[in-house]
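Several structures are given next for inspection.
Two complexes follow with subunit A in common, the first pairing it with subunit B and the second with subunit C.
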Partner chain A sequence: MTQLALVIDLNVCVGCHACVTSCKEWNTSGQAGPMPDDNPYGADPSGVFFNRVQTYEVGSFPHTETVHFPKSCLHCEDPPCVPVCPTGASHKREADGIVLVDYDKCIGCKYCSWACPYGAREFDEHSQVMKKCTLCVDRIYDQTLPEQERKPACVMACPANARIFGDIHDPDSQASQMIREQQGYALMPELGTQPANHYLPRHIRRGSDDSA
Partner chain B sequence: MAQVIQDKIIDENLKWSQINQDVIRSMQAPGKAYWITFAVCVAMFLTAVAAEIYQYKVGMGAAGLNNPHMWDMYIATFVFWIGMSHAGTLLSAILHIIHAQWRKPIYRFAEAMTTFSLMTAGFFPMIHLGRVWNLYWVLPYVSDRGIWPNFRSPLVWDAFAISTYLSASALFLVIGMIPDLAILRDHTKGWRKKFYGILALGWRGDDRQWRNFRKTYMLMACFLIPLAISVHSIVSSDFAMSIMPGWHVTTFPPYFVAGALYSGCAAIMTLFICLRYFFHMEEYMTKNIMEKTTKLTFAIAMVWTYLNLIEFASTWYGHNIYDKEVLISKATGPYAVVFWTMIICGSVVPFTLCFQKLRRHMPTMFVVSLLLQLGMYVERWMIVAPTLSQAHQPHQWDVLWAPVVQWAIVFGSFGWFALLFLVFVKLFPSVSMYEVKELTFHLQHEAEEEKWLADQEKHATPEGAREKPVTGRPGLEGA
Partner chain C sequence: MHPAFSVIFLTTLIGVGQGLFIALNIGQVFDLARDDINLGHGFYAWGGFLVLSFLALGLIASVFHLGHPERAWRAVTQWRTSWLSREVIVLPLFMLIVFAYMLGHFNGMDAEQSLTLGLVGIIVCFTLFVCTGMIYACLRFLREWATPLTVVNFILFGSASGFIFAAAYAGWAGQPELLELFGEIGAWLTLGALVSRGWTLKRNAELRARPKTTTQTATGIHHPEVRQTSMGLMGGSYNTREFFHGMKALAVRRIKGFFLVMVFPVTLALLLAGTALDSAFLVSLAFLAQYLGLIAERWYFFAQVNHPQNIYYQQVG
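Right after this comes the complex of A and B.
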C-alpha cells in the first residue's frame, strides 16, 4: 500500500515560511478554498493555515538554538481523527494513505480536532467545516502539470529543499532513504498513531545537550 | 422482635382525600410569584435564543470556539445536564426495585427532572455544530446522497443513547402517572378533564389494570437502569476515546456515572426545598425524607471523591508526562481557582451532610445543594478546559475564558429547564398521589402491627404470639 508523506529536514529549515504562504496560496484557490484570514495584522489574527511553522528556543543560555518546526497534518497510518467523525467526512484513502475531509459531508462538529493530538486540524469559521492539509491532492495527480511539478505546493516552494515528498512504504523512494539514512523520526510515536510524515533530526549541535 | 420504630417518613394518618386535595391545589391558580418566575425564565431562554442566532449568523468564532478550544462550556454544560438526568432514574427506578419506601413522595418531580434535563442537554451538541442544519446526518436514514453515519464515532453513540434515554424516561414518567391522571380526570372540570381523560388511557383501577401496570412499571424500571448507566458511560467516551492528556482514562465511565448521580441528587435537594416551600408540600416533602436524600447524596459524594482522587493518583504516579502536566496545571495554573472551587464544593462541602442538625435545617440544605451543584458544574468544565488549554503540542497552549455568547447560551439553558419544570408542576402532579396513599396504608398497618405485638408481649400467650394481623394488600383502590 502506498503511503504518501512529507519528510522534513530540520537541519536545513530556516523558518522562512515560504511553505506556509505557498500552501495558503494554492489551497485557497483550490478545492479547499477560500481559506479565511481574519484580522491578519491585528492583535488576535485568526485564519486557516494547513501548514504552520512553529519556532522554538531550545537549550539553556548560552547553549541555545532556534528550531523551526514546520507542521501540517501528519497523515497518520492509524489516524485518531477518522473513527470519531460522526458522518464519515473524515477519511483515510486506501490508495495513497492521504487523510482527507469531505467538506460536503462535514457538519462542523469539530470532534476530529479534539481527537488529533498534533493540533493539525483547522476549523474554517466562514464555511463552518473542518479543513486540513490535503497533501495537495488536487495538484499531485494533475495531469496538466509537468511531472516534476506534481508535488505539494510547500515542497515546490521550499528554498532550502527541507521538504521531501514521497511514498514512505516504498523502500527505494527518496523519502524512505532519507528516513533510513538520517534516523528520521515520527512525532510522538508513543501515541500509536503512526504518523506518516517524518522529521530528520538536527545533527549539528552547538554545544547544547538539547535538540529538536 | 420489637423493631425500633423509625422516624416516620410521612404522617400515616394523612387522609386520602387530603392527599388528593393537596396535590390538586398545587396544580391550580398560579400566583403572582409563579408568573414573575415564569417571565424571568422566558427572558433567560430568549437571551440564549438571541445568542444562538448571533452565533449562527457570525460563526463559531463568536463563541470563541476554534483551535484549540473546540467545545468548551457547551460540552461541559451538556455533561452537566446529562448528569442531572441520572438522579431521576436513581430515585424512581433503582430505589423502586429495592423497595425503598421513602422515594414515593419525591420521585415524580425527580423523574420529570430527568426528562427535562435531557431535553436541555440535547440542545448542546446541536448548538456547537458548525453546520447545524445538517444535524440529521448523524442519523441512519436511506438517502441517495451516500450519507451514512460512522458507527465508530462516540458522537453517533451519543445521538442514539440520548434519544433512547429521553424517550424511555419520558415513557416511564407518563406510565407512572396514569393512576394519578385518572384521579385528576375525576376531580377536575373543563379542558383539564378532557386533557387528563385522554392521558389516563381509560384507567378504571381494576385488578387487571393494576397487575399490568405494576408489571409494565417494573419492566420499564429494569430497562431504564442499565440504560442510564450506559448513557453516561457513552458521554464519558466522548472524552476517553480521544487520546488527549487527562481524558484517555479507563476510569472515566464510572467517574462520570458517579458525578452524574451526585449532581442529580444535589438538584433533587434543591427542587425538593423549592417545592416544599413554594407549594406548601411540608407534609409530603418531610424532613425525614430530606435526611434520607442527603445521606444518599453524601454516600455518592464520597464515591465521586474517591474516584476523583484515584484519577489524580494514577496520573501522578503514572509515567505519562502530558497527563501529569495537565494535572499540575489544573491545580496551579490559570484555572486553579476553578479547580479548588471544585474540590471544596465537591469534596469538602458534602461533610456538612454528616450533621443531623444541618441535614434538618432547610435553608442550610438549600445553600449546600446549590454549592454541590456549583462544584459539579465546574468539575465538568475542569475536565474540558485544562486539557484543551494544554494539549500535547506547545503551539496549542492557550487559555480561554468563555465569551459572552457561551455564557448567554448556558444561562438560557437553566431558564429553559426551569420553564419546563414550571409548566410541569402546574399541569401534572409533582407528588405521586397513589404511591403516597400506598405509603400511608403501609405505615398504618406497620403501626397497627407494632401495637398488636406490644399488646401480645404484655399478656403473652405462647399460641397467640405466632398469629399476626392480616395486613392486607396495599391500597390499590386509590384511583
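Right after this comes the complex of A and C.
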C-alpha cells in the first residue's frame, strides 16, 4: 500500500517561507480554495494556511542554533482526526494514504481539529468547513503537467530542496532512503499517531568554526 | 481550549432534562409504592414536557456550533467510530421516547406502560450521558478529558441539576413529599459530583506537573533548551483562537472559584433550607444557583485543557 508523504530536511531549510506562499497560491485556486485572507494589510490579519514555517532557538547564548521548522498536516498512518468525524467528511485515502476533508460533507463541527494534536487543521470561516493540507492531490496526479512537476507546490517552490516528496512505504523511494540513512523521525512519537511525514535531524557541525 | 458557548449550553441543558426524566420515573415508583399520594397524570405529562423543552433548547444551542447545520443529518452515518455521531443518533431517540412518555400521560396510559416506557427511556438517557461524556473522554491526547471521570461528571452534574429542578417542580405542583425526596437525592448527587469533580481537578493539577508532550517531542530537537522564536505568523489564526481561551490566569481562577462555590455550597445550603422549610421558592433558587455554576463549570472544563498543538503556537513572529 502506498503512503505518500513529505520528508523535511532541517539541515537545509533556510526559513524563507516560499513553501508557505506557493502552497497558498496553488491551493487558493485549486480544489481546496479559496483560502481566506481577512484584513491582510490591516492591524489584525488572519488567514487560512496549510503550511507554516516556524523558528526555534536551541541552546543558550552564545551557543545557540536557529532551526527553521516547516509544519503541515503529517498525514498520519493512524490519524486521530478521521474516526471522530461524525459525517465521514474527514477520511484517509486507501490508495495513497492522503488524509483529506470532503468539503461537501463537512458540517463544520471542528471536532477533528480538537482531535489532531499537531494543529494541522484550520477552519475556513468563509465557507464554514475544515481545511487542511491535501498534499496537492489536485496536482500530483495531473497528467497535463510534465512528470517532474507532479509534486506538491511546496516541494516545487523550495529553493534549498529541503522538502522531499515520495512513497514512504516503498523502500526504494528517495524519501524512504533519506529517512533510513539520515535518522528521519516523526513528531510527537509518544502519541502513537504514526505520522507519515518525517523530519531529518540537524547534524551539528563542530570544528574550525568554533575556534575562529 | 477556547470554550464554545453553544456546547456549554447543549451539555448543561440536556443534563438537566436527563436528570429530570430520571427523577420523574423515580417519583412514579415512589408514588406507586405509597398510595397515600397520587399525583395523577398531569404531573408526569407536564414533567415530560419540561424534559422535552430542556432537550430541545440544548439541541437548538448545539446547532449554533455547526458551520453547516443543514448538513447535520450526515452526522448519523459514522456511529461505528464517532461518539459525536452516536450522540446525534441517541439525543433525538431520547426525545422521541420522552415525547411518547408525555403523550402517554396526557392520554392516561396505565402505570405498567408508563414504567416500561420510563425504563427504556432511562437506559437511553444513560446511553446519552455516556455518548456526551465520551465525546471528550475519547480524545486521548487531551489528557484533562481522557478519563472515565469525565463521563461520571457528566452523569452526576446532569442528574443533580435535574433532580433539584424536579424538587422545585414538585414543590410548585404542591407535592411536599416529592420535593423532599428529589431534594434529598439531588443533594447526594451534588455531593457525589463534588467528589468526582474534585478528583478531576486534582488529577489535572498533577497532569500539568508532568507534561507528556513537550517542545522537544513536538519538534524532535532533543536539547534541554528549545524555545520558539516564531510561530510563523504575525496575526491570529484558527490555531491561536480555537485552542487558547485568551483569559488572564486570575480571571480563570475566579471562574473556577465561582463554579466551586455556586455548584456546591450555595446550592446545598439553599436546597437544605428549601427542603426543611418546604419552600419551592428556595429550591428554585438552588436550581438557578447550580445551573449558573454549571455554566461556569463547563467553561472551565474547556479552558483547563492544554491542547498539545499549543506547543507550536507560543511566540508571535
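As a working rule, the second predicted complex is superposed on the first by the 201 of 212 C-alpha atoms of A that agree within 3 Å, B and C clash if a C-alpha of one lies under 4 Å from a C-alpha of the other, contacts with A are read in each partner's own complex, and residues count from 1 in each chain.
The rule is simple: a contact is a pair of C-beta atoms (placed from the backbone, for glycine too) under 8 Å apart; a residue touches a chain by one contact, two chains touch by 3 or more.
The shown structure was predicted, so the numbers you read here are calculated from the model rather than taken from an experiment.
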| item | value |
| --- | --- |
| Fit or clash - subunit C, subunit B, common subunit A | clash |
| Comparing the two partners subunit B and subunit C, which touches a greater set of residues in subunit A | C |
| First (subunit B), second (subunit C), both or neither touched by A:9 | neither |
| First, second, both or neither for A:167, with subunit B first and subunit C second | neither |
| Partner chain(s) touched by A:188 [first = subunit B, second = subunit C, both, neither] | both |
| Touching partner for A:66 - first (subunit B), second (subunit C), both, neither | second |
| Touching partner for A:77 - first (subunit B), second (subunit C), both, neither | neither |
| Touched partner set for A:126, first subunit B, second subunit C, both or neither | first |
| Stretch in clash, subunit B with subunit C, out of 3-11, 39-47, 147-155 or 417-425 | 147-155 |
| Overlap of subunit C and subunit B interfaces on subunit A (superposed complexes) | 46, 52, 54, 56, 71, 80, 83-88, 105-111, 113-115, 117-119, 121-123, 128-129, 188, 191 |
| Residues of subunit B touching subunit A in the complex | 59-61, 65-68, 70-71, 125, 128-132, 134-135, 137-138, 147-150, 152-156, 159, 238, 241-244, 388, 391-396 |
| Contacting residues of subunit A [partner subunit B, same complex] | 38, 46, 52, 54, 56, 71, 80, 83-88, 105-111, 113-115, 117-119, 121-123, 125-126, 128-130, 188, 191-193 |
| Residue ranges of subunit C touching subunit A (in the complex, touch as defined) | 1, 65-69, 71-72, 74-78, 81-85, 88, 135, 138-142, 212-213, 215, 217-221, 223, 225-239, 242-243, 307-310, 312-313, 317 |
| Residues on subunit A engaged by subunit C in the complex (per definition of touch) | 17, 20, 39, 44-49, 52-60, 66-67, 69, 71, 80, 82-89, 105-111, 113-119, 121-123, 128-129, 185-191, 199, 201-202 |
